[in-house]
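There are two complexes below, and they share chain A, which is joined by chain B in the first and by chain C in the second.
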Partner chain A sequence: MNELLLQGLVNGIVVGLIYALIGVSLNVIFGVLRVVNFAHGEFIVLGAYGAYFAQAWLGLSPLLALPLIFIVFGLMGYGLYFVLVKRLARSNDPEHASLLVMFGLSLVLGALMLLAFEADARSLNFTLDPPFLMFGNIILPTTKLLGLAVAVVVTGALAFFLYRTLPGKALRAIIMNRDAIQIVGVDLNHLSALTFGLGLGLAGITGILVSMIFPSFSPFIGQDYTLIGFIVIVLGGLGHPIGAVAGGILFGLAEQTAMVFFSGTVAMLLGFVLLIAVILIRPAGLFGVQNSR
Partner chain B sequence: MWTITKRTFMAGTLLAGLALPVAGQAQEKIKIGMTVSSSGNFALASQSGVRGVEIWVDEVNANGGLEVNGEKRLIELVKRDDRSDKQMVARVYEDLIANEDVDLLMAPFGSTLTAAAATVTERLDKFMVIWSAASDALYNQGFKNIVSATQMPVSRMPSAGLEAAAALGGKKVAIVNVDEPFPAGLADGAEAIAEKLGMEVVLKEDYPKGTKDFSLLLQKARAAGADVFFPTSYEGDLISMVRQMRQMNVNFPFSFMVYASTPQFIEIGDDAQYIYSHTNFHPTINWEVDAGLDREGFLAAYEKLFPDVSYEPDFQTVLAYGAGVIAGEIIENAESLNAADLKKAAMELSDNLTVLAGPYAIDETGKQLKMPFPVVQLQPGKGLVTVWPKEVAVAEPIYPIPGWDQRD
Partner chain C sequence: MTDQAQETREGTDVSLSAPQGSTEKSNHIKFLIWGIVVAVIVAIFLPAPLFASNLSFLFYMMLWLTMATSFNFVAGMAGYMPFGYVAFYGVGAYATGVLYKTFGLPIPVALAGAAVAGIVIGLLVAPTLRLKGVYFGIVSLALAMAMKLAISLMPSEITGGSLGLILSAANNPVAAYYAMFIVLLGALAAGTWLSMSRLGTALRAIRDDSEAAEVVGVNVVATRLKAWIMATMFPALVGGVEAWYTNAIDLDSSFNLLVTAKSIVYAMAGGLGFLVGPIIGASALYGIDQLIWRHFPTLNLLILGVVIIALMLLLPRGIVGAFAQRFSRFRRFIP
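Right after this comes the complex of A and B.
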């Protein structure tokens, strides 16, 4: 049991960091644009399909597809901002309006993927040699370690961008005070579109990573990832890009260690109990600030 | 000259009058009603099935019909639409019986629609042949006029797989399932069958829909000492499980996955090798039939009757065709088309008939007791081959499944 518990803890951290990556891109979009991206999971699945077809048609390894998918999804997000998101600002209640629009978009994307890729479950043909590494009695798949490394690099790069570069600081400034930043002459539209592009670009590469680590995907699983993303950002703090990392690890640890002692169904239930407890004790999440708007 | 008296004329007229309906009856068709889903969730499976029934009807009529009480009678299939709607099924089955005056019925697709149809056929005392309803609950409701001709109930589906595992030496079983009705029903059935076979169930665990990581679950199964791994989930989860089995270096001497015989699972490549599964329609499954067409004849008939249909025949087509053949045998062996007589004949035929879908046996509730889905295994160089039961096996099972480091 001790061995399984240790394995559960290690697994929790690894899976938690992948969950964190799902939440980070969702949080960037919510924090800056106040857009509740209900279609986030579908974009992640679309990223997985992107890697699948990049491999099938271009012979690209999923790792080499990462920058390609990031650029393609980034450009798609930049364009989509002007088509969908910008006009939401005219609404009396942009957050609720965005929730409805993005929920509609998630249905449309799910249906389009079903039409284009059919209902079959797919899996990336990706293996590493050796397939696993042993640390004492703890076994760690190399695919997970690689995914973990990419997740850490991407999160680190995002943190650097947000905290050390001027556009990143401007982005954070939007989170703090949307009106004030326009007074100092920042092009809000361009920066918002850039943010939406960044969010979708991150969703795309998250899609590749999750399809390497959680091997099968189909057009129906987008909502699963959206749910994970929302749990993670509510735990970590709504709108706080790095808070999602803490939220992801916390949720991953709770879920995986509970699985050592209980069934998967009970483990998930305990994950939700944790979420409710955090909301009761710290309504803004672990890293959230009250009235961040 | 006039030899026909008034009396003989009257008698002749009377005889002719009596003879006419008799001659008319000789040509009267046996009317069989059923619904097909033109739309909705069940459309694809329902239409696959009805093509099987149509092949049977065509075959019977081409041979002059079914012999009922010494006379050949053709079959007329009265098809109606149910749009996958259980309320509509009830209305249409009532109409088929009351207004179309059908003699008996073939069930619609699936447990949901079949249950709705059964309430009507039971109330109006008509016999119904089922080809696709697997819910155990349906057969526990006391319906007297139903017979599942080819579809075994969910609780019995794991039988062949576990029997094969037990015969090969499997002793400790780990059963896992996604928390959904059909996989959960399979898992409960697997637990009962394993215990009946004298195997120890060392792990039985469910997980919520949407679970993405199975590595800990796999390790729990290994830590429990399982030598038979029996997940009953859908193919997406099974693909993740088998990939993660390799990633975590987890291997079981016998791994049976319900959907591992699907092309989508096989497409994942080397990781799919050696996994056991089951199916009822495969080039290597050829039951020795004693009624209806064999596999080759069936494929030729499908090709002839449906040259423009873009779908190949699938297991639904086979189940429905087999149910048609069994319905024909029941009709020919019954004293009348009365529901009770047909049920009596169905019981008498139990365990005495093998059709394309397999051997037929039922109990009083109409529940199918046989029609096992033969066990198949994906073997290197051979592809998917049937390994169990012995009547249809074409290859020896590879057991134990070699460890990940022992494969080429």
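Right after this comes the complex of A and C.
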């Protein structure tokens, strides 16, 4: 029983870091742009397809596809900002308007993926030499370990970018005070577009990791990832990039340990119950500032 | 402060500073227009089963009119965006199915049970009303998913498990049609009550500035709760009647996120905050949706998504909202 629990905890950390990555990119977008990206899950699935086709057509291993996907998705996000997001600021309720526009986008992307890739679930053909490592009685597939390592590196790089570089600091400054940053001469439009690009680039990378760690993906699962992302960011605090890491790991641990003792359905339900409990105790999330809005 | 709030406040100022008679007159015209709209709805849907060949189209038209109207109670009048609105619809469908099939109660009693179930769930999640903005929307969505999972975990002798419930013994489309008609009339009546009484004024005041409303003596919690209960009861009834009409209930269609999406889109397309908004939005868009569905079944979702995006970017206040903005003189006459 203890070993099972330990295995659940280890899985929880691996899965939790992926969830954290989903949450971080959602939170970067929400924090800076006040956009609730309902289409995030679809972009993640699109990233998984990207890795699949990079491998099938170009013979690229998923690891080499990482920078490629990041750049392609980043450019896509930069462009989409000007098409969809910029106009939202004029709406009388930008947050809700963004939620709906992005919901529309998620329907469009889901339908397009269904038309282009058809409904069957696919999985990445990716194995490493020792297929798994044993630590005592804990089994760890090497692909999962590699995914974990990539997730850690990406999260670390993002934290470095946000806290140690000038554009990253400017980005966090927008989260804190949108008006003041324009006074000090930051090009809000350009930076916002970059942020959306960064968010989607991260979503694309997350998609690759998802395709490495989870058994399969299909056009229908986008909404599940969006929902997980929402839970994670509400747990950690909306618009708080590092809070999302804590939220993701917490949710991953809760889900995976529940999976050991009960079923997948109970595990999901537990995640929602956790969310509701946290929200009722701390309405702004674990790391949110209470009276920020 | 948002533009909307600004405008509403200006609107209120005008009517407050205008002589008493003028306000009364504009209220009379408003009421008259609304009366005509309701009369037209009754005239279309009441006799329809006698000669309409496509009962299903009209049934679902009424369904979406009701969903959009009751969604407006929370979104338009109270300023909340419950993204998990489908939860109440699904709970209503399952309450009806379980009461009828598993407990052998007659359909009217089962439908009453659905309304009660909707209200009970609404009261249970009422604490989330203190969340603001998108927090509320996201938590509401999570609650809907939790509800679906909770029902899927119930023993299958009660809920039918993954196969769902079949109510073929109760098959009576015309009776179900009139049940939906009554639910629609109920929703319209509730809308009239919520928007034209003092309660409506209080609701709008809370939506625009809850702190200010509290200062002038509005009981914020109780007022919101009334609108919330109305908004949770009707989708439960709609879900129950739809289950009766189609004779089938299953988890995926009862908790399909598209139910929320269409309620929101139809209500917003017409114009949130106006009684006629959801009516106009639902009739126009449901008609378009059916045309798309008939001609391009595979592209249905794709086109729905494009319509949502275009609508939000080009017409964020909806048809009625845009009209009220363009012809602000007539604003106070629009119900």
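One rule holds for everything that comes next: the second predicted complex is superposed on the first by the 290 of 293 C-alpha atoms of A that agree within 3 Å, B and C clash if a C-alpha of one lies under 4 Å from a C-alpha of the other, contacts with A are read in each partner's own complex, and residues count from 1 in each chain.
Methods note: a contact is a pair of C-beta atoms (placed from the backbone, for glycine too) under 8 Å apart; a residue touches a chain by one contact, two chains touch by 3 or more.
Everything numeric here is computed off the predicted structure, so don't read it as measured data.
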* To do: Go through the superposed model and pick first if A:L112 touches only chain B, second if only chain C, both, or neither.
  => second
* To do: Kindly classify A:L227 by the partners it touches after superposition: chain B alone (first), chain C alone (second), both, or neither?
  => both
* Touching A:I276 in the superposition: chain B (first), chain C (second), both, neither? -> second
* Which holds for A:M259: it touches chain B only (first), chain C only (second), both, or neither? -> first
* Asked: Counting only touches as set out at the top, which of chain B and chain C does A:L238 meet: first, second, both, neither?
  -> second
* Between chain B (first) and chain C (second), which does A:M268 come into contact with in this model arrangement: first, second, both, or neither? -> both
* In the superposed view, which residues of chain A touch chain B and also chain C? -> 223, 227, 265, 268
* Structure fact -> Residue set of chain C touching chain A in the complex reads 2-5, 81, 83, 127-128, 130-135, 137-139, 141-143, 145-146, 149-150, 152-153, 257, 261, 264-265, 268, 298-299, 301-302, 304-309, 312-313, 316-317
* Structure fact -> The chain B residues in contact with chain A across the complex are 179, 205-208, 210-213, 215-217, 219-220, 223, 234-237, 239-240, 243-244, 246-249, 264, 268-269, 404
* In the complex formed with chain C, which residues of chain A make contact? -> 36, 84, 87-88, 90-93, 95-97, 99-101, 103-112, 115, 223, 227, 230-231, 234, 238, 265-266, 268-269, 272-273, 275-276, 279-280, 283-284, 293
* Once bound in the complex, which stretches of chain A touch chain B? -> 3-4, 7-8, 11, 15, 120-123, 125, 127, 131-132, 139, 141-144, 210, 213-218, 221, 223-224, 227, 256, 259-260, 263-265, 267-268
